[in-house]
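Scrolling down, you'll hit the structures one after another.
Look for chain A in each of the two complexes below; its partner is chain B in the first and chain C in the second.
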Partner chain A sequence: MKQIKLVITLLFLFAVGMGYAQNSGHISGDVCFNGMFYIPDSLIGAEKVESKVRANSWLNLNYNNGGFTLGARYEFYQAPLIDFEKIGYKGQGITHYFADYKTDLLQVTVGTFYEQFGSGLSFRAYEDRQLGIDNSLLGARFRVNPYKGIAVKGVWGIERNNFDFDYTKRSDMIRGVDGEVSLDQIFEKLQEKGFSLAIGGSFVSKFEKSTEYQGFIPPEKVPQNVGLHAYRINFGYKRFRLEAEMASKINDPNLTNDFIYKKGEALLVTTTYSQKGFGVSASFIRADNMDFRSQRNISATTPILGINYIPAINRQYSYQLLGNYSYASQPNNQIGFQGQVNYQIPKKSKLGGKYGTDLTFNYSRFHTIEQIPVEEALSLGTPSGTDGYTSSFFKFGKDLLYQDIGFDVTKKINADWKLMLGYNYIDYNLLILQGHGELAHIHHITSEVTYRINRKHALRGELHALFTKQDMGDWIYGMLEYSISPNWFFSVGDQYNYGNQAEAMRIHYYNFSVAYVVGATRIAANFGKTKEGILCIGGVCRAVPASYGFGLNITTKF
Partner chain B sequence: MKKIQIISFIFILGIFFFACDEIEKPYLPTDGEIPVTVTFPELTPDNLYRKVLIEEYTGHKCTNCPTGHAKLDEMFGLYGDTIVAIGVHAGPLAATDEQFPYNFVTPQGVQLFNDFNIPQIPLAIMSRVRYNANSWGSPINKWVDHFNKVDRSTNYAAIQLINEYNAATQTITTFAKVSILEEIAHRVQFCVVVTENGIVKPQLNNGVIVPDYTHNHVLRGTLNGNYGVRLTNDGLVAKGDTYLKGYQVSLRDKDWVASNCSIVAYLIDMETKEIIQATEVKVQ
Partner chain C sequence: MKKTVFLGLFLMIGLVLFAQEKKAQQFPSVDIKTLDGKAFNTKDITNEGKPIIVSLWATWCKPCLAELMAIDDLYEDWVEETGVKLYAISIDDPKTASRVAPFVNGKGWEFTVLLDQNWDLKRALNIVDIPFLCILNGDGEIVWQHTSYAPGSEYEVFEIVKKIANGEPIE
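And now, the complex of A and B:
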């Protein structure tokens, strides 16, 4: 693998040199430094860390000349932010490097790359800097467009596992192929009549040697090749769209499913309809035993070495207090639906006012799937080494995972004032989603006001309240942000756990921050406390440890 | 036409490399569990007290863990064979690297680490009784307090073990007899694991790598699943009943030293997760 890195580095230097010699080519990239000085605080659980000053830093560099692209990323996470150290994302080196050549017919990539098939049920190699996920593959990828409307993709490689680049120890690899036919592009009359239609399918296979007993399953009974196939359809007619994908995985005994042999299944359906001032969407998901990893002994509590992606289809919120009750997608065991209606009361009507009033209503509900243990599992007392359970496809299981009923109103009163008010009732299964506690019943009120003082100066305030008798009790959050566009942003915020049953834990989690933006460069500093909790993006979550201290963030693009 | 040929070639090439291994039943070896061929002696007062299973979560890159190992030794001095200990190596500090190449991690250990939400190590769980509402485990300085949280006033069950080792076939055989002494309201499962003492491998100790550190009570693996097996079809057991189990494990493909190995058996209340009895007997 070192040879690939060396060859790409030499190619990079050669290409850049040639590009400059011929006065062609384009270099782009970005740099980020995200550091923090940690102060211990035993009350919130911010532990004393070995190195008080920590930082995540990286540099992305891409060179493009015609159809030819070379790229590399250097990451320095030797003493990373403690969130990242806790999940094992620690180390340094050139972690991403590729050479890519693209024509109208063919695209070939060698090195590390990201890719997704369909909605990701079968394969998704991606990165999320905030979560500390980088599931890139080291290997080769091709994309072919042999005919207008037909696309074929293929991948072959080894998945990144944080900073463990000793591939001599690895026996696992991923191979996949995906094809999609866009019928509306082939038959243009469909388009003319307002239709869009694409069908696709993919097959992904992972290989991992089996040499050891897994519990009491002998190595010869552990599949070395595990295949997953998926089929999808995207249909549209004028303002209506339907996207559906279903996937099936063969026997894949692994740590996340208690080493059962049951086949995995997933179905994801999303429909939307929109017209001016009105939009409605509905989604359904069922995922049964679909956690698919490069290695079979990876725990479900970490997102590393995940091959596919089972999304969370519930409405995603960025509200501070609800962040701790984000729904974590359950690839092995979930069934649920989400519906949302957006309506704008027309402008210049009585209720709509001059600018109209936006209303949003949403409802989502997720359960575990029904699981009836097979006889063998009952007599053995463990599902390991059996087919595990049977499950009726559309039947909801008895455990409620998450329910959200939400409503919000956004109104622009005049050119200077804008208001938002929202309410959510949430049921959240702490035990299954976070590993502790019980079913929490949560009421959450959101309010946000923006006041434009003049063309350059603006104030934005947020006031949120969360009420629950479970978990940590009631919270209130207030935030005030002052911006002088386009350069300066100042904010002060506080989360106060005033309803905690333990008086000593009624803590203020305050935060002060300032940011300066000039061109493509942003410099931000903050000081404050972060509470222990979880961070979820798109249903993928990681634990966030409590912290207290000064932070400095610098990013720039070129 | 040329494009179609390219596509066909790629697909045909793909078919050769993309594979699925569909495993046929039975998945489990039928010789893992074996008939019981030994006669157990009558229960003696030695079998008639409740022992506490200490699951010590540890790792070779955990700089404070040797303090925990010393604390455990100290507790053995205080409580003698009332304690049965298992060293569970799991979590990021149990991972291998160039300096710590030996892999102590077991699938069972990883599952327990996750199921009991171990936030950091060293940490110990006493008979799977919660230390407090927020944590199953307790830090080193609270281990004695945590030990005393285990209610040992009722002895629900007795576990007897008879071990055999066949040096020619390198096979450990263990026979177990579980006698139910009191009514148990909940479903129970019986778990049998192997531990090993005297494994000399590197360990981080107060910031210094000790290359020849002796690791004891190391969890090596389970003989009947991560949470064991039911003793009856519905998992419910009756006072006065006895249950016999036998298991075999081959050391042929393992680096375990039989003379350093012990069999640890324990009975789990599956409702509360509590270990209601445990025992340990050396293989040789």
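And now, the complex of A and C:
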């Protein structure tokens, strides 16, 4: 692997030199520094940390010349922010490096790369820097478009595991191929009649040597190859769309499923209808034993070495107080649906006003699947080595995981004032989703006001309240932001846990911040407290420890 | 060995960056998707020689929505005056990507909306955070860019668009 890195580095130097000599080609990149000075605070649970000054930083460099691209990323996470340290995202090195050649017919990548097949049920190599997830593959990838409407992709590689770059120790490897045919591009008659239709399929195989007992399974009976196949259809007729993908995984005993042989299954269906001013969508998901990783012995709570992606299809909120009650996708065990309606009361109508009024209604509900233990499992006391359980496909299991009923309205009253109001009722299964507690019933109110003082100056205020008898009780959140377009942002906010049952824990989590933005450069500083909680992005969540201190964040691109 | 290579690399980059300071970046060529799931190469982001605005956003990004809604209120006038075209490229991933179309239509936006589900374009543009907005001239070169959104910055965007439409220098 070191050789690949060196070759790409040398290629980089050579190409940049040549490009410079010919005055062609272009270098671009980005730099990020995200640092914090930690102050211990025993009340909120911010522990004294080993080194008080910590930072996540990286540099990305891309060189592009025509269809040819070279890229590299250097990450310095030697003393990372404590939440990254907790999940083991710690180290430094050139973590991403590739050479890529692309024409209309084909694209070839050697080095590390990201890729997604279909909606990701079978394969998704992606990154989320805020969550400390980077499951890129080191190897090779091709994409071919042999004929209009036909696309074929193939991947072969070893998955990144945080900062562990000793690939000589690794015996695991991923291979995958994906094909998609866009029928309406081949038969243009379909398109003329308003139809769009694409079908696709993928096959992904994981290899991992088997040398020791896994649960009760002797090494020779642990499958070294695990295969996953998936099929999908994208159908559209005028304003109606249907997207569906189903995937099936064969014999994958692993730590997350208690080493059972049961087949894994997933189905994801979304239908939408939309026209100007009106959109409605309904989605259904069922995932059964679909946690699929490069290695068998990774715990379900560790976000590393995932091969596929089972999305959390509930509506995503970026409200402060609801951050603690985000639904986390359960790849091994969930069935549920989500429906949403967006409607705009027309502009210049009596009810809609000059600018129109936007309404959103949302409902989602997720359960565990039904699981009936197979007989052998009962006698063993642990399902290891058996088929584990049986489950009828469309039956909802007894445990409610998450339910959300939400409604919000956004209205621009006039050129200066804009208003947003929202309400949510949420049922949240703390025990299954966060490992402690019970089913929490939550009421949440959101309000936001933006006032434009003039063309450059604006004030934005947020006031949220969360009411629950469970967990930490009631919360209130207020925030005020003053911005001077386009450069300056000043904000002050406070989350107050006034309803905590323990009086000593009725804490103010305040935060002050200032940001300066010029072009694509942003420098931000903040001071305050962060509560212990769960950070979720894209349905993937991780625990965030409580912290208190001074933060500095710099990002730029060139 | 490693140190030498690094040193060489940084010197080279410094030199090239210095040399290319005045050279605008061509919008990268990346395969993304249209709202009805068709392949779309970003080199096909064109507007018959007139200015183009490209905005990267997501349905879960509140400042992104604030920016696009602010532009939406003015868009009709902008198009009439300059012929500008806005491409709103969503980085919603598989969990929300299929709901982008009803969302956009629900808002009644007239922008051309595309999907960058696995962030290939976001990476090619070296974008760290959204909202990110850039303006391309008639030749498809990125001539202006901005991150974050503060109410009112849409007026600055339009000033740049007007200059490009009139063939005036931006600085």
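Assume the second predicted complex is superposed on the first by the 558 of 558 C-alpha atoms of A that agree within 3 Å, B and C clash if a C-alpha of one lies under 4 Å from a C-alpha of the other, contacts with A are read in each partner's own complex, and residues count from 1 in each chain.
Just so it is clear, contacts are C-beta pairs under 8 Å (C-beta built on N, C-alpha and C of every residue); 3 or more make two chains touch, one makes a residue touch a chain.
This one's a predicted model, so the numbers in the text were calculated from it and none came from an experiment.
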| item | value |
| --- | --- |
| Chain A as common anchor, with chain B and chain C clashing or fitting | fit |
| Contacts of A:Arg455 with chain B and chain C, given as first, second, both or neither | second |
| Comparison of chain B and chain C by chain A residues contacted | C |
| Which superposed partner A:Phe203 touches (first chain B, second chain C, both, neither) | first |
| Which of chain B and chain C A:Lys276 touches, first, second, both or neither | second |
| Chain B versus chain C as contact partner of A:Arg124, first or second or both or neither | second |
| Partner chain(s) touched by A:Gly435 [first = chain B, second = chain C, both, neither] | first |
| Chain B versus chain C as contact partner of A:Ala515, first or second or both or neither | second |
| Contacts of A:Pro223 with chain B and chain C, given as first, second, both or neither | first |
| Geometry of the superposed three-chain model: angle at chain A (Cα centres of chain B and chain C, steps of 10 degrees) | 160 |
| Touching partner for A:Asp358 - first (chain B), second (chain C), both, neither | second |
| Shortest span in Å between Cα atoms of chain B and of chain C, once chain A is used as the common reference | 19 |
| Residues on chain A lying within both footprints (that of chain B and that of chain C) | none |
| Complex contacts: residues of chain A adjacent to chain B | 86-88, 105, 142, 144, 146-147, 152, 154, 156, 175-177, 203, 205, 207, 212-218, 221-227, 250-251, 253, 255, 258-259, 261, 297, 299-301, 378-382, 384-386, 435-436 |
| Chain A residues within the chain C interface of the complex | 6, 9-10, 12-13, 16-17, 19-20, 23, 26-30, 32, 60-62, 64, 67, 69, 102, 104, 107, 114-116, 119-120, 124, 126-127, 129, 143, 145, 151, 182, 185, 196, 198, 234, 236, 239, 241, 243, 270, 272-281, 283, 309, 311-313, 316-318, 329, 340-344, 347, 355-356, 358, 360, 410, 412, 450, 452, 454-458, 460, 483-489, 515, 517, 519-522, 538-539, 555, 557-558 |
| Residues on chain C engaged by chain A in the complex (per definition of touch) | 5, 8-9, 12-13, 15-17, 19-20, 23, 25-26, 28-29, 31, 36-39, 41, 59-62, 66, 69, 73, 93-99, 101-108, 117-120, 123-129, 132, 145-148, 150-153, 155-156 |
| Residue ranges of chain B in contact with chain A within the complex | 3-4, 6-7, 10-11, 14, 17-23, 27-29, 32, 92, 95, 107-108, 110-111, 113-114, 117, 134, 189-190, 221-231, 233-235, 253 |
